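Have a look at the structure that comes next, please.
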Amino acid sequence: MATNKLQVGILGATGMVGQRLASLLDHHPWFDLRWLGASDRSAGKRYAEACNWRLREPMPAAARELMVNDCVPNGNAPQLLFASLDSKVAGEVEGAFARAGHAVVSNSSYYRMEADVPLVIPEVNPGHLALVRAQRRERGWSGMIVTNPNCTTVGLAMSLAPLDRAFGLAKVMMTSMQAVSGAGYPGVPTLDILGNVIPYIGGEEEKVEAETQKLLGSLDADSAHDGHVEPGDFRVSAHCNRVMVEDGHTETVSVAFKSKASRDQVLAAWRDFEAPSEVRTLPSAPGRPIVIREEKDRPQPKFDVNAEHGMAAVVGRLRPCPVLDYKYVVLSHNTIRGAAGAALLNAELMKAEGYLD
Amino acid sequence: MATNKLQVGILGATGMVGQRLASLLDHHPWFDLRWLGASDRSAGKRYAEACNWRLREPMPAAARELMVNDCVPNGNAPQLLFASLDSKVAGEVEGAFARAGHAVVSNSSYYRMEADVPLVIPEVNPGHLALVRAQRRERGWSGMIVTNPNCTTVGLAMSLAPLDRAFGLAKVMMTSMQAVSGAGYPGVPTLDILGNVIPYIGGEEEKVEAETQKLLGSLDADSAHDGHVEPGDFRVSAHCNRVMVEDGHTETVSVAFKSKASRDQVLAAWRDFEAPSEVRTLPSAPGRPIVIREEKDRPQPKFDVNAEHGMAAVVGRLRPCPVLDYKYVVLSHNTIRGAAGAALLNAELMKAEGYLD
Amino acid sequence: MATNKLQVGILGATGMVGQRLASLLDHHPWFDLRWLGASDRSAGKRYAEACNWRLREPMPAAARELMVNDCVPNGNAPQLLFASLDSKVAGEVEGAFARAGHAVVSNSSYYRMEADVPLVIPEVNPGHLALVRAQRRERGWSGMIVTNPNCTTVGLAMSLAPLDRAFGLAKVMMTSMQAVSGAGYPGVPTLDILGNVIPYIGGEEEKVEAETQKLLGSLDADSAHDGHVEPGDFRVSAHCNRVMVEDGHTETVSVAFKSKASRDQVLAAWRDFEAPSEVRTLPSAPGRPIVIREEKDRPQPKFDVNAEHGMAAVVGRLRPCPVLDYKYVVLSHNTIRGAAGAALLNAELMKAEGYLD
Amino acid sequence: MATNKLQVGILGATGMVGQRLASLLDHHPWFDLRWLGASDRSAGKRYAEACNWRLREPMPAAARELMVNDCVPNGNAPQLLFASLDSKVAGEVEGAFARAGHAVVSNSSYYRMEADVPLVIPEVNPGHLALVRAQRRERGWSGMIVTNPNCTTVGLAMSLAPLDRAFGLAKVMMTSMQAVSGAGYPGVPTLDILGNVIPYIGGEEEKVEAETQKLLGSLDADSAHDGHVEPGDFRVSAHCNRVMVEDGHTETVSVAFKSKASRDQVLAAWRDFEAPSEVRTLPSAPGRPIVIREEKDRPQPKFDVNAEHGMAAVVGRLRPCPVLDYKYVVLSHNTIRGAAGAALLNAELMKAEGYLD
């Protein structure tokens, strides 16, 4: 029955994001998970043995029996590979698979800021996929690498995209309160976070600042041919913190616009925001990319993290900011919208747009 | 042996801040806790019976046996009263005691922003105490009310004061991650905060924005006589959040200055900051009002909340801000520096300056 | 479309268990929620306004618009009422409704240990419903009261029932680690439980000890007519503790049997345990009342609390006990299997057995 | 000034227990910390660099500058060494140092149950130290190994000791709710324990059961010469669980005695319990080894873990047990009384008794 589906694999299948990918791929209408790769320690074992499964929902039955392979391109992996590798090895492994002809849809930070590598949120900048042509040409790859943003960037960028289009972003100030699952497993030791806040996450602030500008940057025919995105003409400052939450990054945001906007216009920009029609119909696309909560104390991770199956950016508390123009709160699911779901939606877009033919 | 000490009382003695006051007053060199006031429910009982003691350190032996009184000025209370009442009743009760001749050192928000009521951090604006003269004259009170800031304002204002003096503040953006003890007892239900963030605390943002401007405002002889502070000429924007921490508000801050400053100059402004000499020698004054942590991931509530016996503002992570000039993290103990310890230090200053004679 | 369903109501609709009932009754195949009762404070408001909804899943659309009534029997409530009232008022309110002809399916402790009131777990002692006849006769009620056990008793009793049948229980020792949702809302203050264990829950140990004996007691024709259950001939000792878990009571259990049993026989007794056929087909009956986890470190609330939609008792770690015969761990969902789901299953059994005709 | 103090070292200085040892040894009246040993990764660095310090109190200034050595006996280490090594390496390393003439005071489980190795709680069984003579003779060691019990055993054994003496223990049933610090650092991943209970700790139950019998066993002149303790003539069953607490193991206990005891007699046995006079005067001995809390809901880790500087067993809730004779709750600090403080007190006893001469 899975005969018409595209076979896919996961590089880094035993980590937290790999587990989410395995879970989201279960009974996927287009993709059939047939191949798993992980570190030496896991290779050669069944997934059920190799993986310390940490999701609340059980490991998919089909995945349990798959053998775990080494992460080397030796011809037995499918063309389409999701990659959720540690960034220390992602550069080498993902490059090797792309060179060997695989389409690598990566959640790692390694290639995200390379000029010729698409960094894509399908609802926001689907056209950036076109960078792939320059990438393949320049690097001589028969495959390709396409990336999704950092888990902290994605909710911010989704909430900013309609505002940038409508009013022109000038300045963005963001403070995150990030869930522990963002650090993987074993990740954050309990002794570090129980009853505590850690006001530092290595490299995170720089990623949020740079990725947001690339995601909301422009790519015309010329720059696509040259292989680089013109970054968004606005400034971003990020403060990143770890708090004792399992899933869901909460972010306070202040923004200044280039042109004046009323509160109702900002709300309308969010409310009317929708993905291009080719994205809206993808299997993993959220019904509403932006969900607006009207209550005075929402969004909250406990109640809102799974909005739209964890694929929405949930916003609330829009109000004037005495320093910039407006302030609000945005929440998104860091291992779904911020990682596994983001990669999956990217792959769906790539398939719909013919990049996997 | 306590004969030379000034007798003092607590209005609102059974709440979280009242408990902290009772604890800090134990064996105080200048003050002798002799009188407790609380709601009808507690009046007529011994403190040990009336109070659901929630501090880790035991209830002071002397306080255990004190009888709890109604909060009405009937002549049996000492001249100096600390007030940690719910803001719903603070207006009436504190006013009644001030009218009846008591010096009320209040932690409540009710009178803080009244033009003729001093809002004081001794290390920052001890001279604002002078407003008391206009207050007594205008209101015809034989007593007085002196207030300390909200628990979220205090760490922010202490970290800003030396920067304002040195470089002139222009803009301040702050996001707080606040401890549950700030909401009193029973306070935050576990079901609301376990594994969650609540991105809203009623009235808190407005307090932080207004109080910071009053604290860093100016009071010359004329305005002291008129009975109002000229608010600081800068803008403040606050985002307030509750997180699962017991004690210690952590705040991310971005600031813009009126004049240029290097990173070393900012650090030097903090390092060199000290209270006026009449404040430094007060019994509850911290050795260093501002403690600088050099580590990349500090301050943290777990490790730093009790710096200088909970009376310091602990700063760290100073770095350039792409939107304003600099960004940093500040932490302070919300029920000590942000409430009971703040009131106690104010009372010590009042005594040292002759306001209680 | 709901015309063939039985109309039902909830007494105590705004509390945590009332909310769970409203959620479980949404789209129920047999019951149609049409009436809500709560305290004076809520009466006269729409449920959406009156209720501080604390479940992760949204309030059912149909329930939102229902008006909340006073909890007095004035003829406008349906015959079948679920009751999740505070035990302080449950005695009077439930009695009044039963007297007025309502079938009250109660989660309160008030009537549970009354001799003529059925205390029922449908998979364990469905026949105890027969006590209702004596109850109505003796009390002259046209209605009736049927109860389910305490949230801590239910998982224990379900895990013990097959062992009692197979080997005869002699002694039971249980220590619970109970979730905060068991204390309702606002319930446990964060300041009491953050990073803490509270080794005491008022009245809980006595309930577990007495209820387990009644649930596993016997009711023959004579005792049914007399209106009392012969309590189980075994001893129970309970230690009850509160821990920082949202949902799911975890219990360590040691048991001694009257006749010898091998480990395999105990496992088989659990594995083969099933409800009588009339119970198995009820809409809310779990597929397996007892779920056995084979892993060395399960069950755990995080992973197992929702087994069988929260209606199972999940057991694991069966091993010999050096003091009694065997020891194991059992987990059940305290607000579903231990409260709302338990009442719902009781009502389904009552309907299937003709008690509501 | 430290010239008269005995120089000491720590094997495994960078772990959680090693850090506690370094902290407790700061300004110790008898011992002077001069030597640190740890794994290859740390050797050759200053302690301040090698150690990820996780205690709330700062690293002692004297320890900061000590160089970390390899854990091999090459003549530069002091005679007296505290050992808090991972049990995987403890066997080899501790044995090598004992053979080389060092007195190794170990917190590891490796040698605890060896017949000729003293397992000692000074207040309970100081005489068991005498096993050292047989140990040295049999093994041909010029040094020795003395051990303290597992962190879960110690509070239980201290609370049982006076009851065993007074009434004779017959049966003991214990369920623990253990703090995360017991698992070391990084130890328990947040994703495993946030809002969860883990009802399993590898090897822990077996340790508690065996160690309690050895600690409360008897050693007469003959058995001392033979080199073995006659284990206590009672049965112990342990259920061990991990909960989200930082420090402090809470345990529910049921006991049966050989002779009858009233509740008052049990309380009196605890109240009157004191260490032998040679132990009471040791620098780290608690004023009261057993602290009785009278409140209905104590002891609790939050309030009681630091009783007697973390060296007490705090008991409460004594009441009849329907299955055995009595039940109660006991709490002790797992890294002080259960590890570092236990080793330190053992070393003080060894010194006082002349074992280090």
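Going by the order they are written in, the chains are A, B, C and D; count residues from 1 in each one.
Note that in this section a residue touches a chain if its C-beta (ideal position, glycine included) is under 8 Å from a C-beta of that chain, and two chains touch if they have at least 3 such contacts.
Bear in mind the structure is a predicted one, so any value in this text is a computation, not a measurement.
Asker: Count the residue numbers both chain C and chain D use at their shared interface, divide by all numbers used there, and answer same if that is over half, different if under half.
Answerer: Mostly the same residues.
Asker: Out of A-D and A-C, which chain pair has the most contact pairs?
Answerer: Higher contact count goes to A-D.
Asker: Starting from the mean Cα coordinates of chain A and chain D, work out the distance between those two points in Å.
Answerer: Taking the mean C-alpha position of each chain, the two centres sit 48 Å apart.
Asker: From the C-alpha centre of chain A to that of chain C, how far is it in Å?
Answerer: Going by mean C-alpha positions, chain A sits 43 Å from chain C.
Asker: What positions in chain B touch 2 or more of the other chains?
Answerer: Within chain B, residues 194-195, 244, 246, 302 contact more than one other chain.
Asker: So in the complex, the part of chain D that touches chain B is made up of which residues?
Answerer: These residues of chain D touch chain B: 56, 194-195, 302-303, 306.
Asker: Within their complex, state which residues of chain C touch chain B.
Answerer: 16, 54, 180-181, 185-195, 244, 246
Asker: Quick check on the complex: what are the chain A residues that touch chain B?
Answerer: It is residues 171-173, 175, 177, 195-200, 202, 209, 235-237, 239, 241, 243-246, 250, 252, 254, 296-302, 316-317, 321-324, 327, 329 of chain A that touch chain B.
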